[in-house]
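In this document, chain identifiers A, B, C and D correspond to the written order of the chains, with residue numbering beginning at 1 in each.
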Amino acid sequence: MSKKIPRHDFEPKIMAFVCKWCTYSGADLAGTSRMDYSPNVRMVRLPCSGRIDPQFLIKTFEQGVDGVIVSGCHPGDCHYNEGNYYARRRNLAFRQLLDFQGIDLGRLEFSWISAAEAIKWTKVIDAFTDRVRALGPHKQYHELIDPYDHYLEAA
Amino acid sequence: MKTATLQKSDIGKCLDLLIQSQKRVIAPQLRPRLDSPDAIDVLMLTPLENGDNHQVGQGILPLNGVKEFLFVKHEPILAFENKDNKVHIKEVHHKYPETIIFGVRPCDAASIASQNAVFSSDNAGYNDQFFTKRLENTTIVTYSCTTGDQSCFCTSVGLEPDSDRGSDLHLTELPDNTLHVEIKTPAGERVANILAPLLQGEGDQAARDTAGKEAHKNVSRIRNSHLIKAWLDDQSNFDDEMWERLGEKCIGCGACTFMCPTCHCFDIVDETRGSKGYRIKFWDSCQFDHFTLHSSGHNPRDKQYKRYRNRFTCKFKIYQDKFNAQGCVGCGRCIRDCPVNLDITEYMKEVDLKASLPNALRQDPDFE
Amino acid sequence: MIEAIRTQARNLLENKEVDVIIGYAEGSDSTRTTPVFIRKPEEVSRLIFDPRCINSLPLYLNKRHEYPQKGWKRTGIIAKGCDIRAITQLIAENQLTREEVYIIGVPCDGVVSHFSKWDGRLHDGNQATKCAECDVHTPTDCDFFPGERPEVDRSAPYKVSAPQVLNLMGLNTDKRFDYWRQEFDRCFKCYACREVCPHCSCNICITDRTQPNWVDQAAHTKGVFAWHITRAMHLVGRCTGCGECTRACPMDIQVDLFNQRLKDVVQESFGYKSGYSQDEKPPLITYKTDDSEDFIQ
Amino acid sequence: MNIYQPHLMTINKVIQETPDIKTFHLVFQDEEMRDNFRFKAGQFAEYSAFGHGESTFCIASSPTRMDHIECCFRSVGKNTAGLFGLSEGDTVGFRGPYGNVFPLDKFKGKDLIFIAGGIALPPLRSVIWNVLDKAEDFGHISIVYGARTVEDLVYKREIEEWEQMPNVTVVKTVDPGGETPEWKGHVGFVPHILENEFAPNPDNTIALICGPPIMIKFTFEALDRLGFKQDQLITTLENRMKCGLGKCGRCNIGSTYVCLDGPVFWAEELAKLPKEY
């Protein structure tokens, strides 16, 4: 029996960009082990966290998500030896850029989750979902994303 | 033509009256900005909430022209939705509020006719309603210049600093701190009626003409700029060495075209999110290399200097040939805002020189 | 000083050591200067140098391939200290080899922040902010230097950011968002910030690509946000802080604040300063195993 | 009226001409348009795949066959890739017809040579079928058509059909290296084959040319050497366009807007234009 899912006024939309070797396998394990975690997350599987271009994250915000999570293998465990080291540097800079732009860093998460860490995956997702839920909808950015909708209202 | 006199100090009250009459009033304002040591004071045409902090008649030119209130930066021209595997087109409802643009400089006002020549049905019978409907609901209150800066060259393209072309209501500053008001059109008359409590008697036409002549002296002039068209008409000048020599420093940004009050080029793209989408018309620039790039990879204007040649030709030939309108109004924005100081008047001078050689050269004592 | 530069330029052209010299000449009015391409020895008298010489000329090094029919192989360039940093960075990124350029270094006391502020001399009121913290007033790596080159002290501690960056960082996140939203409202995507940048060296910019279309082309605020984030991200650890993007912006948006902020981040996190070494790899194409990861779960 | 608003059309049939070229048969969804729509050979239109954008192609079908409109395009950019992804039953947008026409009246009683390269045959195909449907008005018809490879030839079935017609000569060629063992046509570039293998007689003949700018240039030169005069050469240009209405400002050659004054130009008109196409 699954536990009762609490209801909230606001359910954030969360996007996860994950590395296929570690985090995706970890999430897969969480699924096959029938672990409970927030259903708010949608996942995109990529070969490596080093493949996750910051452009993806901008596009994701443009599609109206409330939080984005990037996850890959632990340092030293990269299937391609060093992809996640590059990802780490890039995301460090990118976070600061988004912060300077005025996007709450609470809406961005970066984690190392290995293929065995199904429990960590569920914990990270649950904690992140709660955090984004507390922040509320990403209202400021949402105001930008449909710049022409008001043209459909009859004069 | 009716005239009147207005106290210069009453402009704020004028703006208040217009705002109270439920019009959208746009006038130059100092733009608030983050405190910065590199900051420069910037005038922008901005919709006003009240007449307090207007800068009508101040400075040379606002940064933006009236262009962005008529041919807006970007707008949807169509909405569509994909429902049940079928495309449905939806109309977009543009609002064209009654607008008064107050304190427009004569060069900007003259540019409206050029844009209108492109977008109205004069051009092959196709009427771009997004432009023309906005123009119908816009009243232009112009404000003569008393001086120009180093970049102004309106007198070189046949305009004057006190020109009333494209104006509905024309204001000229007189030395005694009053404004000479000329009502040029019915739309101007309607504005004048709103301003009636502030208008006094008839205007002093003689003082206005003197002021205009005085201002005329303050704008530098290029000799014989009327020769440019004939020179451009001559096909053999298309490959003149001048184009590459002057144009090679051009870096291909679109600053001059976007700032230009007569530049009208645009692009159309579709943007979608989910099943709905919009077709958007937005400013584009002939200075971008992909502007004319064919899908085959062939590019008719493959070098930057060729793109600038097109811009110059557009201003001084294509506009006249194709749209029977003036291509350049001499506002000087393209000179002020060019990052590499590519100066359109240098082209004009060069062409002037080439076109007037050898006859005029020796006869004109003013020639440098 | 300028006479020494002209003489050297003439020699270089006469001896065919370079095909062209990119320098500064008098502009269209007394407050402006303009980039100039000198190809004939007799034209060197057009070259000038004074605090109005704002432009960062290395950007033309990226465009040198556009002029193959002119036999533009080796370029002579007149460069301020900050321009040499830009060239150094281009070399570090393999956009250029050191042999392709002949650098004529010029000592520079600073330049004006904007042409409109030039009143005949340079003073605190019109000097660009970047010049206040500049440590390359005397250029480093150049092939020619007019006169005796003084010893340069570069031990000064790293100074954090311009005051505007700190002002913005002092606001809360939402206010910062609103600030940029208000500023970007004016942006019409003329891409002057991109075209004047010595480091925007891509043949086809990501915004001009449509398959896939990462950045919306229309200048609505969404598209403008995406463009400026993209631009700043692509310049992380590469921007040498010439500030040309802000100066070139016809709508007067301070787009270089992003670059300045990221310059601080790169310095603090990776200890990297762009434009000082031809050999050191830019920070985002390398890594250390012990990089900071305090933001990672 | 919103001049940018397209009419909706349904794709009735899709023909895969080559791996990256498709032909669409389009029918107006609006009955009134279906009955009243008229165009002439040589005109172009703006076709849109909603969500991808608009592209400009000449109408490839003949005005003598109005049961549907045809367009033929190669998938190269965002818009054409969007169109390429559509299938039978899908909706496309259509604005047009725009531009000038081939002056068929002036061709009456004359021999016609159609010269096209690659994806440039569709604009001429409209004229070809128009002329063939009124064959009694015209003299002998020759079609010189080339592509990079055998695979890149479009309208393969129709070319066979034309070859069977008594009044038609078809000269096919592919660029060197593009031939297959079964290839029975010529091998070589179109201007070369035209001049050396086919060598038409210029008397009472009009040549209609469509192709990339470089092909037009060399074909003009070849025809010039064969004795053709400027008033015997007519071509259709394909500059990049967005609006098709003379407003967006990108298809101009000097003061001439291809969308309004073209796309059909006589050689003597082209000679007066700057070399900007």
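Quick note on the criterion: contacts are C-beta pairs under 8 Å (C-beta built on N, C-alpha and C of every residue); 3 or more make two chains touch, one makes a residue touch a chain.
Small disclaimer: the values here were computed from a predicted structure and weren't measured.
Taking the mean of the C-alpha atoms as each chain's centre, subunit B and subunit C sit 31 Å apart. The centroid of the Cα atoms in subunit B and the matching centroid in subunit D are 40 Å apart.
Subunit A and subunit D, compared by their mean Cα positions, are separated by 50 Å. The distance from the centre of subunit A to the centre of subunit B, each centre being the mean of the chain's C-alpha atoms, comes to 47 Å. In subunit A, 145, 148 are the positions where the chain touches two or more neighbouring chains simultaneously.
Residues of subunit B found to touch two or more other chains are 267, 269, 280. Counting partners per residue, subunit C has 168, 179, 216, 220 as the residues that reach two or more other chains.
If each chain is drawn as a node and touching chains are joined, the picture fits none of the line, ring, star or complete shapes. The chain pairs satisfying the stated touch condition come to A-B, A-C, B-C, B-D, C-D.
Taken in their complex, subunit A has these residues touching subunit B: 63-64, 145-146, 148, 151-155. Within the complex formed with subunit B, the subunit D residues making contact are 1-6, 8, 48, 50-54, 74, 76-77, 80, 89-91, 93, 212-214, 238-240, 242-243, 245-255, 257, 260, 272, 274-277. Across the complex, subunit B is touched by residues 27-37, 55, 59-60, 63, 66-67, 113-114, 116-117, 128-129, 163-164, 167-168, 179, 186, 188-192, 194-196, 204, 208, 216-220, 243-244, 246-248, 250-252, 254 of subunit C. On subunit D, the positions that touch subunit C within their shared complex are 77-78, 81. Subunit B meets subunit C in the complex at residues 31, 33-38, 40, 42, 44, 63-64, 68, 73-74, 150-151, 248-249, 251-255, 257-259, 267, 269, 271, 280, 282-283, 285, 288, 290, 303-304, 333, 335, 337, 339-343, 345-346.
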